[in-house]
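Input: structures, listed below.
Next come two complexes built around subunit A: one with subunit B, the other with subunit C.
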Partner chain A sequence: MFRQKTVADKVRENLLGIIVLLILALLPMRANDFLLDTLVRTYIFVILAVTLDFFSGTTGYLNLGHSFIFGLSAYLTGILYVYLKIPTEIAILGAGLLGTFGSLALLLPSLRVRGVYFAILSLLYPIIFIGIVTTQPFSLYLGGEGGLRIKQLFLDIARKLPPTERLAFLHNAYYYLSFILMVASFIVLYKLAYNEFGFKLRSIGQDEELSEAAGVNTTNMKIKGFLLSAVFASYAGALYAGMRPPITVDFVNTGSILLPTLTAMIVGGAGTIIGPAIAAFLLTLLYQYLWGLVGLWRTVAYMIILLAFVLIRPQGIFFDIYLRIRRLVDKVIG
Partner chain B sequence: MIMLKVESVTKRFGGLVALRNVSMSVNKNEIFGIIGPNGSGKTTLFNVISGVLRPDEGKVIFEDKDITHMRPSDRVKLGIARTFQTIRVFPYMPVYWNVMVTASSVYSDSRIAKARVSWALTITGLLGEAGELAGKLTPYKLKMLEFARCLVANPKLIMLDEPFAGLSPEEIERLIGIILKLRENGLTFIIIEHKLKYLMRIADRIMALSLGEKMAEGKPDEVARHPKVIEAYIGVT
Partner chain C sequence: MEFTLIKFIFIFGVLHSFIYLSFALGFSLVFGVAKIPYLSYAGLYTLSAYLMHLLLTKAGVPTIISAILSIGAVGGLSIVIGDYIVKPSMKNPLSIFISTMTVSYIVEEVFRIKMGLTPVALPALRGVITIAGVPVAQQWIAVLIIGAVSSFLVLIYLSKTATGKSIRAVAESWYESMIIGINPYKVFRVTMLIAGLLAGVASISLSPLKAVVPSMGWSPLFVSFAIVILGGMGSIKGTVVASFIYGFVEQFVTWKYGGAFASIVPLALIVLVLIFRPTGLFGEKE
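Showing the complex of A and B:
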């Protein structure tokens, strides 16, 4: 029971994940630019799904303002670049950190309320944010509807390369950056979600009063859990802003940012981390490729598929499928 | 030596006075029983002592320290553990984690926390179910799980809210055995119980509440003979 695990044990346990990550890491050697581009977007959504799940899936505090954290850091990147003349690469690093603490603006006032009231309160944040950004006088400084223009990430390096290699360089660089951020967020949050930290968060979700009476400082845990969720979501926003300028209100949009994230969490299996990650990955790709299959009917087809998933298995179909595959793999390798 | 002191506590819910000027003190290594009809304020008193509720007036003092405004989780770390009247566990978490959540909050060293969990699960006979979801346990095992959660925090004072409710006579005897054993090892208990037959047997002192006020306090047989207690329970004098 208390035997120390060897490296071989760990590889065997995580074989499935290692294989998947290796394939994704080697993908740029064979994939076309469109796929790489799609995957960058996909990875960002995986980060959003995993971060939302880490806080909301475990504690039961449904954060409907998740896109606020993402968009806040995106705008902070733009502000650092435009007004402080900080290069995009460094602006991203600073904005991710600032955005993490800025996101406390959402959490702290909401600590006083529970359940559906927290959800409603958090939902207001992206709306307020969009209102500020698009209304004078702030719209004059924050680019209004047209957005904040910043120099694309790594553009200076790309310009030093021969013209034929520039685009490939940027595609590969963006791919690996978002890939690394995704892997890092996933591993950190997955580990935490299944150790003492994660179970304290889960205890809050199951019975907050009991959790406190059982010795968990619930306020403290909610803040820590939220900050850990926010730091990765925030860096995802800052990075995506650097890769896809200009920075517009699309970064904060509840419909285009929160909705895919939230549905990934639900059909993935809330609180499982890996389920929402798989769901976000497959659903974002599905949405992209549905265009080729059904054209203008894409959104309708996508929503019907989601509905079917929820109806078939309300607790999350992707975590179930993952468990089955895992059991199969475990059987094969003994 | 006095371990816990409640000093003229009053708690109101809107117009209803749930506790009116209630004082009590519990000695170290004592089993202190609280009885009273439904709605007499027993559970409210527990909530005030464990910190779930803050009193409107009065003080709670634990080992000479004023804890009236302390968070419940900090009181657990000081050594006050409790169970609830209706069984409360984290149903979708394994038994092990139900207990580990408390252990890892109390001990910063995870090796000590793990050792404490194994110990608490052994004493309560739950080691075999450690990996099962708490929601799937039988009522007796659920009570044991609550008990394990209390014990794992290395408490000085354990407060049990109707521990014998819903248990068979044999199960009650087993639980009494554990309680007496732990008391021998230096623990202090406050027990709310309606099954007076059992409480009278193990309690050193008993306090009777009625409508939020203290009616009587003393040795079990003195309280049982107290005319006000008989009136409150049976309704005649």
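Showing the complex of A and C:
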């Protein structure tokens, strides 16, 4: 993982990635609507897993308030649409940015604390956010349990099309939007995680005092790393809110947003970026198709997987599998 | 501020503080002994309330017996969690965090699926008595007595018995207590049992006054955490003082500004303490 890469290595490594991305990019030609819908959700969870891993997997600061960032920008999209009458498309752009800055509300008070304290403090945010949204007087303005109603993304454009093409257009547009956001966040964070920036973050995870002594400005690095992770997470939240209104507390719910993400991070291999991405992709697909098999119990199944991995194999499994496949590909190519 | 408001705050502050003390003590003991946040506490709290409800309605067990049974079951489960979930990953604080939290979420999710989101009611003492012009439900008096008695018993246990003293010794230093011949794992199991029992007692006495819903356990967990942070890590004296401060602050906010703001109190308190006095009121420097 840490050896010097030659040019040939880079080509080979990217070859595998390019093939996978090409298949996914061309998928809408063949796939049915259900699969496309599922994949949109899958990509959102890949973004969440990658962003959580970029900050928490490398620095060791377990950010359990990740769903707070996601839900905050979702709610901001709704607020911009409902109260400022901004069209959904533009509201998403604004809410992503505002959500990134809003996430500083989580980070700044937590900068002084470490380890377990950081984790607990961050866990409080989504739960208190839900508490505020669902109790009066705030629930009157934020939609309460029913959620904030906004106009779906691209609905105006879709209405101008002939009725038979509308759904297909929306499915394809959502698919490519979430796909592009996923690819962008993955490439940016993957590149950063494996160069000097990422190694500075990792050094914080190894030993914060030592890394400070070695000349790393740890506070600065933590803020930068957190903001990079937050910007993609909050755009994912805003985009998902635009695609799946109404905006309810499910966007903030730790059980439905954070736990799958956390599972993906642990099962994929914390700090490796690509492992959590693969894990989030496969697990979310699995989750969607498990619906018929285990119905409501799928969330419990998720948690049991998480618990088993944390207790038995905390280093994860998908990064190892990925390395093996790459070695195999290396051998085949020669 | 008028006099009536002060009366309400004072009386409800006292009523809340003792029960907060009793469940914060369990959390604080585990925090002191094992240096871990016992996040399964939320799950245990929820579980005991639902267990009592099920015993009462499905099995027809008398109230007192079903209360004792569900408290005992939760205590036993707490030891099992300690042995099979906390102990294997004690060295890694982040794993412990995820695993204990997941237990709480599993409990929440199972009851969400099985019982739905509609609140269920536990039997409460009916009737209202008036203290200094303030109407108080009789169940609150029961909560006060149960909270005071259980926390008093635990405090006596900690200061007078040999096992209680060894709990404090292990909280002081895990390795040095091994040198003087204490088996810290045994002490750890006792601590987990006490924590489980206290969660059960608090839940059974307090839930008749509040709604029994799948997510009910998180609020007491955060209250305990706020109290432990405010009082100082693992400090018993700090926990006692902080419980009362917390109870009065929370009631002040509730009666003065409304219940919606009271849910922000734990977060605000934790943030303030961590910024201005990270060791808490009675904590020692690391």
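We take it that the second predicted complex is superposed on the first by the 302 of 334 C-alpha atoms of A that agree within 3 Å, B and C clash if a C-alpha of one lies under 4 Å from a C-alpha of the other, contacts with A are read in each partner's own complex, and residues count from 1 in each chain.
Simple rule for what comes next: a contact is a pair of C-beta atoms (placed from the backbone, for glycine too) under 8 Å apart; a residue touches a chain by one contact, two chains touch by 3 or more.
Computed from a predicted model, the values in this text were never measured in an experiment.
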- Now for A:Leu296: first (subunit B), second (subunit C), both, or neither, which partner does it touch? second
- Once the shared chain is lined up, is A:Phe199 touching subunit B (first), subunit C (second), both, or neither of them? first
- Task: Answer with first, second, both or neither: which of subunit B and subunit C does A:Glu212 touch in the superposed model?
- Result: first
- Query: Does subunit B (first) or subunit C (second) touch A:Leu228, or do both, or does neither?
  - Reply: neither
- Name the chain, either subunit B or subunit C, that contacts more residues of subunit A. C
- After superposition on the shared chain, which partner residues are touched by A:Pro109: those of subunit B (first), subunit C (second), both, or neither? second
- Item | Touch list for subunit A against partner subunit C, complex | 60, 62, 64, 109, 112-113, 115-117, 119-121, 123-125, 127-128, 131-132, 135-138, 254-255, 259, 262, 266, 296-297, 299-300, 303-304, 306-307, 310-311, 314
- Complex contact set, residues of subunit A against subunit B: 196, 199-200, 202-203, 206-207, 209-218
- Complex contacts: residues of subunit C adjacent to subunit A: 36-37, 84-85, 88-89, 92-95, 97-99, 101-103, 105-106, 108-110, 113, 218, 222, 225, 229, 258-260, 263-264, 266-267, 270-271, 274-275, 278
- Query: In the complex of these two chains, what residues of subunit B are touching subunit A?
  - Reply: 50-52, 71-74, 76-77, 82, 84, 88-93, 97, 100-102, 104-106, 110, 113, 149, 153
